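Following are the structures in question.
Note that subunit A is present in both complexes that follow, paired respectively with subunit B and with subunit C.
Up next, the complex of A and B:
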């Protein structure tokens, strides 16, 4: 009984600690919460600072894993049966439509939220090291960029699985863009598709990537990401707080180092809580952090459930390589690239310069490369860490904003304003009616 | 209220919202559309046959799975009267299915959608019937669609699907539009220009699997109204040049019924991967030919005009003075060609055959190849035919007087 009690205590925690010690134990002694700090700054819990976008991404990833499991049991990754099995999920599996809708909406939303999280971190300069020892926030930023790319690829691989026209042609467009890469383009496409065309090999490849390798990769990066957040002393807003305190020249505050495991070289592994006045600026993680996480989780689940009830999950006709739907579009988060490819395709008389290389490879490649190395190029002072639109980072924030606006504008044009034959239509202009058999 | 208490309230609020939304999902799950139909059916059976029979009515989602056809049809979830006696006049979806068709096409072997169209997977009406649904290519070929396509017999569109299997039948019982269209194909000599199956000409496109063309593969720019394959075919049959400007297909003056019947026929010409057991053969034996008909054939093959039979001119043209009769009469009588060409084109026959224009330019470059010697022979023979024709006409005039 004693052992059972112990296990029980390692999996549960108190929401109403009677003492400081109780509150600390709830986190430190708990299997599920041990990676949280025992205390957090009130500023870290603020919605206005972080919008909790990272947590929302994680919750969405959780919903995707949970809903993905029943879908894996029901879906058949074969060219002959994939579409049928999705139809069955839609029409006869109990709550199948709901599970599929939750999965699809969470996937779309995760792409958007992960992207917004990256935008938030950029605008707050949160990829920069503050004042505490052993920080390596730039590394965590690169992990984040890798996770964002993995999220795109997760969503993209999932896009093919229903094996309907939408899936087939979106992946056709996407992989054709990839093939424009110089020298290795065709090889990349061949590797992705497992052949020269989208067929059974592609489906199986995408399925295995989607259900195992990519989620495992994201999970690994997520753990690393969170570990680094702890090692870096929490959110960047904490560094700002500690800087402000130093300026106030208050009497020295208590500082602590928690010894973590003690298994690495050096004196100890430091998890620095920045030098902030604990009594004034921090609260116990249990229940204040855990409750907010619960709140954000419930809010995210509520939004996804509501959307699932309101938004129909499309399933077009079965994939048909002989009939291209008009227009054929990549998934929405790649539409800025498809639009860019169109806009950089130049016709000079009979001579056409295909935009796939510029719009599909060079521009996005350059942007991603810039993102990855930016923390090392950003030479702004430490005062700009953890501050929205810091004056010291005004110029780079403006450039970033400019790029953001262009990407969003291209996405909007590609998603909403491109109709049949990729012609431009204003929202008030009706698209020509597409023909049917009767 | 401080932020700590506010947090607690917010957590409970979001928890409540999630609970309500999940409740809505369960509520929807508990009362799908088909349950209403099944209850109504039980009431109907109770009224007509008593509660004991009503208990035999199925409940839950029903499906017919035909493994051989790779089809799952859940239509019988709502269409419950299928094989019930005494519901022949019940309202849909409870009416029993006409028995004689089911005897030949047992549901267990054919399912529903193979003939009727629609989406067998679906368990709600809109998705199942898929009329006007762009995400399912096989709409229910029923009255609604027939009405929208202005067909006087609204239910006739289903015949398209009959003929996917029955395309080799001369005549299929019950498929009156298709049967009519097949007669038109013979009478109008479509084979003269089009290959359909194993035989036919090469002037027009091969029509063997024309039904496989996707809606996107037609040009609707010269058509008015809702673009559809059926609409395109109807418009094209009524006036080929209006639909395709550069076509050489003659205008046969088809009315709506003819054009609709032919549109159904050509749309049924699809590839099918049905097992052989599903394909009916040609059951009607060759019609007995009379001695007179056989003598006429013999005369056409060996008589004075045999040249025009051998070179297949006779498919479109009579050569009346030689006793050559075209089944289709698409082109004018060649007995008059010698003077006709002069008056129509302002050119001599010799000149025209060397440099033909219009339909004949297409025919003589794709279908009928004439060597120089053959061309001379044709001109000589047509001169004789013309002479013969004028003599015959003169004789007839005298005889009339």
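Up next, the complex of A and C:
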């Protein structure tokens, strides 16, 4: 009975702590909450600071993992049966359409939300170290960039699985961009596809990547990401708070060293809190953080469920390598690249500069490389940490915003304004009649 | 003082009620979702081979037992009568082999003396069955199953229904 009680207490916690000690115990003694701080600053709970985009990404990842399990039971990763099994999930399996819709919408939304999370972190300068000891926020930013790329790749590998025309040609276009990389491009594509064409090998490779390898990779990076957030003393807004406090020259502030849950003696393994007046600026994580996480989770689940009821999940004809739809488009989050590829294909007399190299490899490669090293190039002062649109970072924010606008504009053009033969059409213009496949 | 306590008690109970409603809603949602996920794993359509199949016209079958490999069933013809005996051993499901006897042997089945020309022997654990499917040796707990045989009205083929076991005395007379 006592043992049961202990297990119960390690899995649940009080939402209504009666004392400070209760509140601390809820976090420290609990398996599910032990990675939370005992106290959080009020500022880092603010919706307007972070928009909770990271939490929403994590919730979406959770929904994807959970809905992915029944789908894995129902889906057959074989060229002969993949399409039929997805068709059955959509039309025959009880609630299959709902589970598939939840999975698909969460995936699309996760791509968007993870991207927005990155944008938020950039505009708030949250990848920068503050004044506390042992911070390594730039490392966490790089982990985040890796997670974003993994998210794109997760979505992309999932895109092929229905094995319909949409899936087949989107992946054809997407993987052909990879082959434009100099020297190794064709080899990369060959390895990715397990051959020269999208066939059984490709389907199985994408399936294993999608269901095991990439989720495990993202989960590992997620754990590292959260661990770093703790080691870096919480969100960047905490550093801003401690700076402001110093400027106010308040009476000396309690500085604490938590030894690792009291297990280790001495100061070898420790977490130093930023120098923040706890009484004034912090609240107990239980219930103030847990309650907000619950609300964000519920809201995300509710929105996804609602969307799943309202938005139909497409399933086109079965994949047919002999019939290319016109236009053939990559997944929406790669359409800015496809648009760039078209726009950068230049003919100089007999000589053609292949746009796939510029738009497909050089530009995105350069952007990702820049993203990864940016924290070390950003020399702005510590006052710009954790502040939206800090004056000291105006120039880089404007450049970032410019790139953002171009990427979004190219995405919009590629998604909505391109018709057959990748010709430009306004939304109100009708596309010309295309001859049928036969 | 008393009214205050009552008020606070009322407030508490309202809050308590809302709290229970919230938890209840959450549980209902999780349960519903869980039901949907589990229900999705119960097949609505099966792509298995049909249990009712056409085996061919009666004149295609020679006298005696013919083994249909795909359906694991023996079609037994005795002049103008037909019946079907399952080839799945009732012990652990191995496929039994037919053994034709060189000399007819007289055996007692259920107190009745019958002349046997064939037996069914299981290669896995040595169970043995008489020609009519009655088990007489080895670990088999019961006789081989017999299935309904009928004539398809449209083309006169023998139609076997593996979903419909019949008694061992069942015979289709053509």
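The rule is simple: the second predicted complex is superposed on the first by the 421 of 438 C-alpha atoms of A that agree within 3 Å, B and C clash if a C-alpha of one lies under 4 Å from a C-alpha of the other, contacts with A are read in each partner's own complex, and residues count from 1 in each chain.
Just so we're on the same page, a contact is a pair of C-beta atoms (placed from the backbone, for glycine too) under 8 Å apart; a residue touches a chain by one contact, two chains touch by 3 or more.
Everything numeric here is computed off the predicted structure, so don't read it as measured data.
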Per-residue touch tally on subunit A - higher for subunit B or for subunit C: B
Touching partner for A:347 - first (subunit B), second (subunit C), both, neither: neither
Contacts of A:299 with subunit B and subunit C, given as first, second, both or neither: first
Touched partner set for A:317, first subunit B, second subunit C, both or neither: first
Subunit B versus subunit C as contact partner of A:93, first or second or both or neither: second
First, second, both or neither for A:288, with subunit B first and subunit C second: first
Which superposed partner A:48 touches (first subunit B, second subunit C, both, neither): neither
First, second, both or neither for A:309, with subunit B first and subunit C second: first
Partner chain in contact with A:70 - subunit B first, subunit C second, else both or neither: second
Footprint overlap on subunit A, comparing subunit B with subunit C: 88, 92, 94-95, 98, 298, 301
Sites on subunit A touched by subunit C in the complex: 66-67, 69-70, 73-74, 88-89, 92-96, 98-99, 298, 301
Parts of subunit B lying in touch with subunit A, wherever the complex brings them together: 4, 7-8, 10-11, 14-15, 17-18, 21-22, 24-25, 29, 61, 63, 70, 72, 74, 121-123, 127, 132, 134-139, 141, 145, 148-149, 157, 214-218, 220, 226-232, 267
Touch list for subunit A against partner subunit B, complex: 80, 84, 87-88, 90-92, 94-95, 98, 164, 288, 291-292, 294-295, 298-299, 301-302, 305-306, 308-309, 314-317, 320, 322-326, 433-438
Residue ranges of subunit C in contact with subunit A within the complex: 26, 29, 36-37, 39-45
